[in-house]
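Letters A, B, C and D name the chains as they come in the text, with residue numbers starting at 1 for each one.
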Amino acid sequence: MNTANKIVAKMIAEDNFSRWLGIEPILIEDGHCILKMKIREEMVNGLGSAHGGIAFSFADSALAFASNSYGRLSVALECSITFAIPLMTGDEITCEATELSLTNKTGTYHIEISNQKKQKVAFFKGTVYRTSKIWES
Amino acid sequence: MNTANKIVAKMIAEDNFSRWLGIEPILIEDGHCILKMKIREEMVNGLGSAHGGIAFSFADSALAFASNSYGRLSVALECSITFAIPLMTGDEITCEATELSLTNKTGTYHIEISNQKKQKVAFFKGTVYRTSKIWES
Amino acid sequence: MNTANKIVAKMIAEDNFSRWLGIEPILIEDGHCILKMKIREEMVNGLGSAHGGIAFSFADSALAFASNSYGRLSVALECSITFAIPLMTGDEITCEATELSLTNKTGTYHIEISNQKKQKVAFFKGTVYRTSKIWES
Amino acid sequence: MNTANKIVAKMIAEDNFSRWLGIEPILIEDGHCILKMKIREEMVNGLGSAHGGIAFSFADSALAFASNSYGRLSVALECSITFAIPLMTGDEITCEATELSLTNKTGTYHIEISNQKKQKVAFFKGTVYRTSKIWES
């Protein structure tokens, strides 16, 4: 298990909400990750599809895992999401976080969410502030 | 109970995730709403504060309630959030959605989240697409 | 002339592009400013209205002036803009930057652009990184 | 010359501001384009680098060209930009617009700007509304 995997395993162990969501890591590398989860009935909103906060939360976990993978505690400053296709109960979704930029102080990531039909359902861009605090491994 | 209140009451009744979050409406008007909720242990992430998706989801519910209040089914297209202050377990937070713009096809809202110390903790801007579907009351 | 005014006067003196745009300060205070400019023929795009970059640039100057007003050199990290109403040649527009949040490292501002009919035409949210460099006055 | 090229040639002919910027198309295809331009002295701001509005405007032109390439008049609704590396006078920059999503009503594009050293300097996400108006060719 590499360092990035150890850090993310520790993050998930302490991350109650990512566990409630049922997020599972598929691949964790420095500045990069792939995650999966399944849409459950309790995630649905009043419009008959998954609440927008579910897709956002999924991508936001990917942002946290990809940006903290280097071992520096990193916190989200600003995130945006574009919703293309609604998510329905039972959908199995994956997301991939790709690093766009990494400086000493900040990192920026592009994250795409896809459903089981390989349709891209949402697009997320997030920027983190990299603190000087180090994750203990 | 005015029309906006009836629509939002119906939305909340069908919105499993907003109910899981414990969102309660304080004020619902056309294009405007104030909501409250409390941060619980199960909303915390691996960094010791509320997962960023919690604040986003709270504001996204406010976006849905404010924009659907007119009776036209409206769905989020694009949302962004800026995180200023972390939320901790036990925090009692409120948010207010203010309408910036309303056209036949789209609506844009500014939403601020505050904690019990009256600190502004997050800032959200969201744009919805207004479908031609009407909420039955 | 207060410190904020002196800093912004110096910024404008060195800011070739804001001068090309014809931006004039109406009010400059710590964390707050109001600016005006006029849409000229050379700012128009291929769709018959002002290029989206014109409204963005106007708001981005307001972000720079409001955030640098305290005397700490501050640079934009992330900005978003929502376009509500097109701008036409001859339109006289104003914008106001309001501070949403200010920490030691970052500042976030909401900026609204209005036209001469008092219609709100665009909405901007921007976050700056506050460097440790001080403006000489 | 394909249809996408004809439309963009017509757009550029009418787009005074893109011409002031000195934007030149390298590749124009349906939903995709690559553009280049050079940073001039008159584009600089009060902080010694190109005004943030210059990078935004460059990407916004790419958004317009990529989204209008299909022949349906499309207008920007919401755009965000993340600034990673400052642009300096003399820099020769390119940008590439990639289509993330296309529906009947909206299109979303990811646009990256690079400098002559192949460094990625800014990241843009934009969503357009696709009107029913058709470009005459």
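A few remarks follow.
Operating definition for what follows: contacts are C-beta pairs under 8 Å (C-beta built on N, C-alpha and C of every residue); 3 or more make two chains touch, one makes a residue touch a chain.
Model, not experiment: these values are computed from the prediction.
Chain pair with the larger contact count among A-C and A-B is A-B, by C-beta pairs in contact. Chain A and chain D have CA centres that are 28 Å apart. For the pair chain A and chain B, the distance between C-alpha centroids works out to 21 Å. Centre-to-centre separation of chain A and chain C, using mean CA positions: 33 Å. In chain A, the positions touching at least two other chains are 77-78, 80, 82, 106, 127. Taken as a graph of touching chains, this assembly is fully connected, with contact between every pair of chains. Taken together, the chain C residues at the contact with chain B in this complex read 80, 82, 84-85, 100-101, 103, 106, 108, 110, 112, 120, 123, 125, 127. For chain D in complex with chain C, the touching residues are 10-18, 20, 41-48, 50-54, 56-58, 60-61, 63-64, 73, 75-83, 86. Residues 77-78, 80, 105-106, 127, 129 of chain B touch chain D in their complex.
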